[in-house]
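These notes open a run of structures that come right after.
Below, chain A partners chain B and then partners chain C, in two separate complexes.
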Partner chain A sequence: MAEKVRFIIERQDGPNDKPYNQEFDVDYRPGLNVVAALMEIQKNPVTVDGKRVAPVTWECNCLEKVCGACMMVINGRARQACCALVDEIKKPIHLAPARTFPVIRDLLIDRSVMFESLKKIQGWVELDGSWDVKDAPIQNPYTAQTAYEISHCMTCGCCLEACPNVGPQSDFIGPAPTVFSIFTRSENLTRPNVLTRLWKRAALPVAATVKIASKFAPNLSSLQLTSRS
Partner chain B sequence: MAKDMSKKKIAIVGGGISGLLATIKVCELGGEVDLFSYCPVKRSHSLCAQGGINACMDTKGEHDSIYEHFDDTVYGGDFLADQIAVKGMVEAAPKLIKMFDRMGVPFTRTSEGVLDLRNFGGQKHKRTCFAGSTTGQQILYALDEQVRRWEVKGSVHKFEFWEFIRIIKNREGICRGLVAQNMNTMEIRAFRADTVILATGGPGQVFGRCTASTICNGSAVSAVYQQGAEIANPEFIQIHPTAIPGSDKNRLMSEACRGEGGRVWVYKDGKPWYFLEEMYPAYGNLVPRDVASRAIYKVCVHMGLGINGENRVYLDLSHIDSGYLERKLGGILEMYSEFVGQDPRKVPMEIFPSVHYSMGGIWVDRVHNTNIPGLMASGECDYQYHGANRLGANSLLSAAYSGTVSGPEAMKWAKTGNKGSELSDADLEAARREVQNEYDKILTMNGSENAHKLHHEMGDLMYKYVAIERDNNGLDACLVELKKLLKRWNDIGITDHSPVANQEAMFVRQLRNMILYAMAITKGARMRDESRGAHAKIVLENGKQKHDKDGELVFMGRDDERFMKITIVNYDPKTEEPIVTYRDFDHSLIKPRARNYAVAKKE
Partner chain C sequence: MFHTTFYVRRLHSLCGLLILGFFILEHIGTNSMALAGPAFFNGVMGMVEEIPKPIFYSIEIGMYAVPFLFHGLYGIYIALQANNNPLRFGYLRNWNFTLQRWTAWFLVVFLIWHIGYLRIYLKGVLGNPISFELLQNMFSNPIVAILYVLGMWAAIFHFCNGITTFCMTWGITKGPRAQNVISLISMGLCAALCLATVAFMSSYYIY
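Right, the complex of A and B next:
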């Protein structure tokens, strides 16, 4: 018999239903990650008690840790499921939806609030048009490198799930969108009204925000507070 | 209705780079866009493009020219790309880069602060602009912000987590709308549109494990194929030489690794053998993808020299300065460490070829109209620009360029096209009802097959018969097996009957579309009796694969006389089978010549 890995999954049938746990065993194989295990459950959705149930619902796309879709709470910590290697986490493995966001079903959550925040921040360049205009200005490579780091945020919501200041008690839009608005896309494009708009809604020291983002956001780990903080 | 009815409504399906650029163009021209996507558009598969985007910027003192980019693309595509279309793309490329730069894409800079360029396969000049090793992500994010700007202005209505099901034609056969389903509430709705653009990406999931995202299933393309859209060149599937093999997916290891000096090798007689450098002295590790993939396959499968006898070879960066690697390739090296548990800065990576990109797709003319009036296709889901093999870093370019062409053309059709009769409310309801009935029927399926297991089997079949090396015996067998799968699809049993986010029922519907598209790929490959680009066919002798006197497999040559033509595949609704014909195309600018990467390219 192949070695089994036990998963305890917090399920919920619909947005207004009560959560309940179900347990599944998945055959171990080297390199197995949480998404691959969920895919195995899809092929044979039978619980450890031998009950045939509906397959577990979750969201994923790229499986390379660049799209941000498969964020969920694994053993109590919000992270991407595709790079959560079974070898490296404690068993049995507990999966739960990130409840900072409304749950649609099982591990599937509604993160539209994050995209609404991006609408409010209006951090885009006010482009004259997508036609030929001119060259973009030459840019300090150091600034470009910083912008590149910030621009890795994949709007997965990990940092909102982890941040104690995000929740019904406050208007704070969360670390990720805040960081995004502090460092606009390049030096020459800084628009102060972005910040003004933001700080009316959310008062949290910038440094603390960056700290949370760099600790919990998967692609922002090398983020440092730089010149314009 | 208070709404401005004179505004033209364009429905765009897919929010990758092509769909988003088309959206921006439509908005700039005063149109309104309904934008449909499986996911928030910011999570589209374009973000998996790592290495870069080609454009002749000529900032490295190498005397690069647009003509050289043109010739590399046509030559790399083994002379099967429409040359007028390719010319348009390479001429626009530098302008597109400047536009992305203005949008704030954080391209990697030189010490002076101008855009840096790197080498890529099949090109002798540095021509690839890049943002570290996440170029696609950075371009997609910049476009996502620009589209959000139009969304706030009210010109874009996003339908995220909606699945495109089919187009709606009026009685004259002109596309006037579409039916889509909400993936969370399962609501099915019909939409009117003056023009529909599909920008739904590639069909990688037809092969099961591939470098594509789980959403790249080709289902939308197959749906319109079944409604009369022609498919062109589906047999040309790019196998990327360097991917990390995995059971859930094969993760891409960018061609930028080879571009930045990575070397491919295996042990032979106890010593490292840099086989690409030996086989192809002129290009070495920078041969195009089809050439590199076949060489790796040969070394592993036919010569038995893979690492520990397995289908793996080394991709080695360990001789390169780690600071340089961090700056140029940091993101993907971290990805390798994370998924494999080894540091590629210190030990060579283990890689093997994987299905990666479809050169073929929906047939379009040079301004991206399909053969169905009112329906357009743009990006990887169309067949334009790459011929029989795509050069690395030309995909971001073709995705972007096609969007800048299809968007304005969609507006032109909306304003001046002969669109025929309007869809009545009854027409919309009839189309919706049809899709609803089909969906309800899926929910009642109670057979013995599991859709995900069938999908796995289909992937195995396609890899076995329609991947790096093909022969007519295998392709015939594959068609028979695919037909059996199509039959077994009817015997699927559904375990999920939920009215909320029923992913299983949606997958069952997608799977049928995937099987029919797999048949189009296989049939296209079966009928093309030559080798060209990514399509390599072994000669059969007395029903067996032919070997020469040295025991090497004998492949068919390129046959310009018979096959310098576009494969056109039509769906036969009676038999559900693909019908293959051939069509001429424009190759008037560069005369075809033999493609040989062992020597420097001659013009």
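Right, the complex of A and C next:
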């Protein structure tokens, strides 16, 4: 018989329902990750005591650590489920939703508060035309490096989950939108010359900014920005 | 005004590190005189008494009472906004964040007792000068002595972790490496000052 991996999943039927735990066994295979295991559970949602239950709900998209959708709490740490390799984590594996955000169902959370914050700080660049950027000022490598790091943010919400200053008790928007505002604060982003202005004032490499809108890369170093004071 | 919180927080940080930090160092300095024996300690205390009263009181109110009340009251407001999570996220900074708030709660109670009893009741109302003998008598109760050591340790940790966070808040240490270096230095200072506290407290049992 194939080796089994035990998952203990904190489930919740609806936004206002009480959470409860359910355990599932998944056949081990080399390279198995948490998202793949959740897919197995979805195919055959039978708990360890043989009860057939509603399949576990979760969210994922890119499956390669660039979209941020699959963020959940795995063995107590907020991280991306798609790159959590079963081989590398302690078993049994505990899965829970990131409760800093409202839970919709099971592991599925509503991260829209982060996008609302990005709207508040106007954390985007409006590309309603094209601009000649060939005369853009030269940027010092340190600033460019910092900007590049921040552009990696995929709004997964790990940093909000780990930060003790984020929560219903405080109006702090969290680390991710805060670092974003470094680039976009005080900029009137609807002005046509915004790109050039961003180059000058906020030191944002255009290429990286456009990337924010289209494709994200995982950024772990921004976790350094959590929990100050 | 839009940025009020920002400025009040800076003031909170500045006042904590510079004024209250100085106050802690001054306390450790003065109390260490106890190591040199009762006579020397009482001599130093006498010198403090020499400061003309109007100057002494204005320093006490302007330099200590007002910053203390501000830092304490606004600090309570800040602490109430935290969602301490070191058990879920056991990173060093999550722990320090939590300890910063726990020590603060302890200090609120401790300082009300400490200032209320020693400064306001014994010195202010009864007019007893603070002397080696008075403290020795007070610390002859081991529970009081332990609470005082804990109070000092809490204040020292709060101050030293405050150095680390001050450097972050004010943009002095921006990168992770610089933050680690400052954090190590301030925790070293924390350990040294905690040991100094044990040393001077023990002098009340030696003499």
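To be clear about the criterion, the second predicted complex is superposed on the first by the 161 of 229 C-alpha atoms of A that agree within 3 Å, B and C clash if a C-alpha of one lies under 4 Å from a C-alpha of the other, contacts with A are read in each partner's own complex, and residues count from 1 in each chain.
Convention: a residue touches a chain if its C-beta (ideal position, glycine included) is under 8 Å from a C-beta of that chain, and two chains touch if they have at least 3 such contacts.
All of these numbers come straight from a predicted model, not from anything done at the bench.
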Contacts of A:8 with chain B and chain C, given as first, second, both or neither: neither
First, second, both or neither for A:52, with chain B first and chain C second: first
Winner by number of chain A residues touched, once chain B and chain C are compared: B
Contacts of A:166 with chain B and chain C, given as first, second, both or neither: second
Which of chain B and chain C A:113 touches, first, second, both or neither: neither
Contacts of A:89 with chain B and chain C, given as first, second, both or neither: neither
First, second, both or neither for A:77, with chain B first and chain C second: second
Where chain A meets both chain C and chain B, residue numbers: none
Contacting residues of chain C [partner chain A, same complex]: 13, 78, 80-85, 88-89, 91, 93-94, 97-98, 100, 165, 168-169, 176, 179
Chain B residues touching chain A - in the complex, by the definition given at the top: 21, 24-25, 28, 38-40, 42-43, 45, 47-48, 95, 98-99, 101-104, 106-114, 131-132, 134, 137-138, 141-142, 145-146, 148-149, 151-152, 184, 213-215, 246-249, 251-252, 331, 335, 338-341, 404, 450, 452-453, 456, 495-501, 503-504
Touch list for chain A against partner chain C, complex: 73, 76-78, 162, 164-167, 169-170, 172, 221, 224, 226-229
Chain B-touching residues of chain A, taken from the complex the two chains share: 13-15, 29, 31-33, 35-36, 39, 42-45, 52-55, 57, 59-69, 82-83, 85, 87, 104-106, 108, 110-111, 115, 118-119, 122-127, 129-136, 138-141, 144-145, 147-148, 151-152, 154-155, 184-186, 189, 219
